[in-house]
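Each of the next two complexes has chain A plus one other chain: chain B in the first, chain C in the second.
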Partner chain A sequence: MNNRWTLYDPRLAWMLVAPVLLLLIFFLVLPIAVMAAYTFFTFVTAGVETSALTTANWQEFFTDSYYSGFLLKTLRVGAITALLCGVLGYFPAYFIWATSFRHKWLLLLLLIVPFWISFTIRTFSWINILGEQGVINVALLKMGIINAPLPMLYNEGAVILGLLHFLLPYMILNVYVSLEGIDRTLISAARSMGCTSAQAFREVTLPLSLPGLAAGLLLCFVLAAGSYVTPQLLGSGRDALFGNLIYDTIMSELNWPMGATLSIVLFLVLGFFAAIYTRYMGMSQIVKGLAG
Partner chain B sequence: MKLTTTKRLERLHDRYANGDLSRRTFLTLTAAAAASAGLSMPWMGRALAAVEEVRFDGWGGTVQDAIDKFAFQPYTAKTKIKVVQGTFGDEDEIITKIKTAKPGDYQVIHSSGVNYYIKYVNGGLTSEINEANIPNMVNVLQPMIEPFRKLTPKLSAVPYDYGTTGIAYNTKVISPEEAKEKGAALLLDKKYAGKVGGYSDMTTRVWYAALATGQDPNNLKDMDTIWAKVRETRDLAKKFWSSGAELMDLLSKGEIVVTDAWSGRVAALQDQGHPIGYLDPAGSYAWMEDMLILKGSPMTECEELINFMLDPATSIAVAEGQSYPPSLDPTKVKLTDKIAKLPAFDPTGTMKALTFADPTYWATNEDAWTKQWNRISKGA
Partner chain C sequence: MKARRKEEGKWAWRLTGFVTLCVYVFMFAPIVATVILSFNASMFGGFPMTGFSLQWYAKLMGNEAVLAAFRTSLWIALVTAAVTTAIGVVTAFALVRFEFPGKQALSTLVILPALVPETILGVGLLVLIKAIDQPRTMLLLVLGHILLAVPYVVLIAQARMVGIRRVYEEAALSLGASRFSSFREITLPLLIPAVVGGALLAFTISFDNTSASLFWRPAGVETMPTQILSMLKISISPEINALGTVMILVTVAIPLIGGLILQSLTKLKRRGEPKEEAR
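== the complex of A and B ==
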């Protein structure tokens, strides 16, 4: 029997992948498994639980419409945010791809500049823009356009705006990477065969960039639906999302078993959407988009 | 004489060389020594070494600034023990962190009185203070110590200050006369819809609903009415704040014109020149704060720190800095005029003029009411 390793030896592949596998097991699978186990623990009082197994937490989740209502609302806000990101993000991505500007890298750099500032500070900045003493209200009041400040802060609109601000770069990068992968001679061919610019876009560019758009939609949807800070800072209590519900259950009620149950629910629901995407589009597009 | 590891190993080797130890025993002991040296964690070294720092977690902002300036910095200068500080906006937040940490990671907490003390006791997080190591405790108000002692005869915390959650209002919009006339009902005045604030905390919300419905906050008879009032305030509110810093930001920027508020934070705003008035309506929510030592802490050093903090000179300076009266008994310690003018200050030392939450009553209902409040705050 020949024990010498070859270039494509499966053992070598396992050895190479082992560190990542171990990291995934210890820092992803194991914590999720512990959390899943916690969902069956018994809540005694704030901050105290026992390992006596119970399905009470799951029963409460499935029988109390408060939770399902929150889940649906979170999915709705996530979907609206993702769609708006798609609509608003496609055009800048297309512009960056199509421009003949010599320093295209500068435009891409501008996209990632916001990431140099803390996410929390970026979110807080909206308070100074949308607040009653914020730039917009003060300017409109001074110009005499309005008599009283417009209520632009602490509502769902402000939350979605904050999420857009946070997520738009992810969408633009995903679409841009997808556009970059298009063979430009296909567009030239379409034009030479009589297509107008609009037709060439509709028949060639748009369909070929759809995987990037879909990847951006999934990414924005998952990140928006799982967000906590933005609704906390820019929304009122009514604008809280499922993440805020989890936070309150764990941090305010000190009810870890129920908090773990809600966390697993969100994980499963968002995982379900990711799985559907993977089934039809594959994950490679998201990886390309995130890699820039 | 203290032996170093090297010295021990040399002696072990000598004994083996002299034939006092078998080869197997020598190798076993050497391997054990090597394992203990190789597997030792950084914290083991710290634990074995002399304590060089104490960990403190508090409410941040002006309150913690005052404690740092007037207590911790002089303490470090005197003892060379550094006080490493952390902050939290909500005490449940720090309890969660403590639960997930090793004993000793968190040591002294600026805790919110007996209501929270119960949570630490239930969670098995409390220590046992040797009161002989805190001689300055003789000056602490007995009515403040007793509620803690009822829960644990051996204390884990020492009361440090107290205050009230009264009504703060923007004097440019609401006159002091109107505020005095309406009292707690200001929070339910439709005239100020969209300009009302409040602490995002179950106890405060239920307490003020109790005052609005004429019920005794420590013996609520009609919870349906209470929750209806809580919803009413919610619908009028612009934002429920969740930290002292957020409260000061909302009030100073004029985002809200009336809110329930912590007396000390309002005093700080007034000192900064903001047009903010404050009143304690009848039955206003009074609370006390304590310095709580957690299980696993270096007790001697923590006790020494608390004793230093309770020294009259230190305690008075901190009280003036944070604008909350100290836990010192005014019949035993001469307090300053500035302290005498602070909101909630009780010159008699009996604390009878203040209405505190009955810890047992509130602890019994805490879980259910917190859950209900969390739902209402989210629109339920």
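== the complex of A and C ==
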């Protein structure tokens, strides 16, 4: 009998991963493949299309500046959000890492708590801060600083604020994980060689934490650019992002081939950025950050 | 010169602390405002507070649509948590212990659902369903949620699995235990923190999921987040603040209690072992 199973037999491994593998194939790989094929289907009327192959969807995408405008706006909002997250998220990550505060776990726990609170609730709760009857407007009116409520909601700023609120914990945890990986004796060494604390930070800590920062930037950018709920709740019609465009194309206009085309475009564009990132950084940092 | 430099370091540290404080306030201010407003007696969903009242909670308890959505979400999240944890832990076990062709590709593929925007995953599955002419069903929604939760469960279990030395399992095997019983008796108990952590995370991922559920839910079915979204489209009534507060209680209290139980369990086990260094 030469088909006896060895201790770590690959066949057993395949059996163990089979459920997840099947799920990934049928719910991730196959849908994206079918979607790619759908981009060449012909749109007849709302909800109806034929499998007659055409490049009309792609032509429409590349010629109509409506679509490229949406894409550029989405990438711009994603980039602004990611950069703000990077700047604002580095400080808390560094603080938690360097503090001698005994209950550091509490600071970390507070970063994880938002992940448990429904994203929809966290987003709409901004209406209670920025709205006409929100904290800021009511306080300013009471103090007599303004006469009429400031319009702070339903603009691009509010959308970026909401995205920032949603993405900051991702950034902070990513940076924190890479700071945690730094050998602290390196910093002591730098200090003992005469570095000031600022120099030690610039020469040792900052460069060594860059992988975490880069992973955080990519994650925030991708998640912001793919967002749907935040622009829906905190933005006006003009602040809709690519995700909203896709949703409307499919769910309202029922133009499935165009919706598939737009989805594939977003997938390729975001995949392009992710590929550049993994080319230089590898996958491992993202994995560490997600498992945080 | 030296004193000035020290002074600078102090200021930099203070600035860091100040920004950290601001970020924490930024993260929690809206949530606190929502909880406070849920007790507002005023008819309008906003400040100023006109008195303390539980009327919005009472109204919420009588809202059949909300209760139905809550039950739906609860069931979906429970099934998602159970199934995802089972298949995710087994996958992590295989990925850490075994060598097989395609292992690297699989470990990359498995985290993709966490990186690909939900809108794309949502449309993709819908297009597939449309292409093979199938209706949207509850099963589809649950399987979709499992897909979204799988990366996190696998990563958490993998991280824990790496720290479990294989000699324990191999010892059990050499003493005559079967593959299954060595996993059940040795590996699984050592994996418990990852199992509980993964299950809780899978639960909240499913319970919170909005964008993908909008695409996948069967006609007429509302989950809790999609229900909130459709309520927000009509108007912002204080009822929604009460609903938000209830949801926060549910989704924050469950993992916190779970975590505390877990911590006291590990503390009991660890007693007597040398303490970890504080920094």
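One rule holds in what follows: the second predicted complex is superposed on the first by the 269 of 292 C-alpha atoms of A that agree within 3 Å, B and C clash if a C-alpha of one lies under 4 Å from a C-alpha of the other, contacts with A are read in each partner's own complex, and residues count from 1 in each chain.
Definition applied: contacts are C-beta pairs under 8 Å (C-beta built on N, C-alpha and C of every residue); 3 or more make two chains touch, one makes a residue touch a chain.
Just so we're clear, the structure is a prediction, and the values are computed from it rather than from any experiment.
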item: First, second, both or neither for A:53, with chain B first and chain C second; value: neither
item: Partner chain(s) touched by A:133 [first = chain B, second = chain C, both, neither]; value: both
item: Which partner reaches more residues of chain A (counting touched residues only), chain B or chain C; value: C
item: Partner chain(s) touched by A:115 [first = chain B, second = chain C, both, neither]; value: second
item: First (chain B), second (chain C), both or neither touched by A:83; value: neither
item: Touching partner for A:72 - first (chain B), second (chain C), both, neither; value: neither
item: Chain B versus chain C as contact partner of A:240, first or second or both or neither; value: first
item: Which of chain B and chain C A:268 touches, first, second, both or neither; value: neither
item: Contacts of A:248 with chain B and chain C, given as first, second, both or neither; value: first
item: Intersection of chain A interface sets (partners chain B, chain C); value: 131-133, 250-251
item: For the chain B and chain A complex, residues of the former touching the latter; value: 90, 92-93, 95-96, 99, 119, 122-123, 194, 200, 234, 237-240, 253-255, 366-367, 370-371, 374-375, 377-380
item: Chain A-facing residues of chain C, complex; value: 5, 8-9, 12, 15-17, 19-20, 23-24, 26-31, 33-34, 37, 44-48, 87-88, 90-91, 93-95, 97-101, 103, 106, 108-121, 123-128, 130-131, 143-144, 146-147, 150-152, 154-156, 158-159, 170, 173, 179, 201, 204, 207-208, 210-211, 214-215, 224-225, 228-229, 232, 236, 240-241, 244, 247-248, 251-252, 255, 278-279
item: Chain C-touching residues of chain A, taken from the complex the two chains share; value: 7-10, 12-14, 16-17, 19-21, 23-24, 27-32, 34-35, 38, 88-89, 91-92, 94-96, 98, 100, 102, 107, 110-111, 113-122, 124-129, 131-135, 138-139, 142, 164-165, 168-169, 172, 184, 196-198, 219, 222-223, 225-229, 232-233, 242-243, 246-247, 250-251, 256, 259-260, 263, 266-267, 270, 274, 283, 286-287, 290-291
item: Residue ranges of chain A in contact with chain B within the complex; value: 45-48, 66, 70, 131-133, 151, 153-154, 236-238, 240, 244-245, 248-255
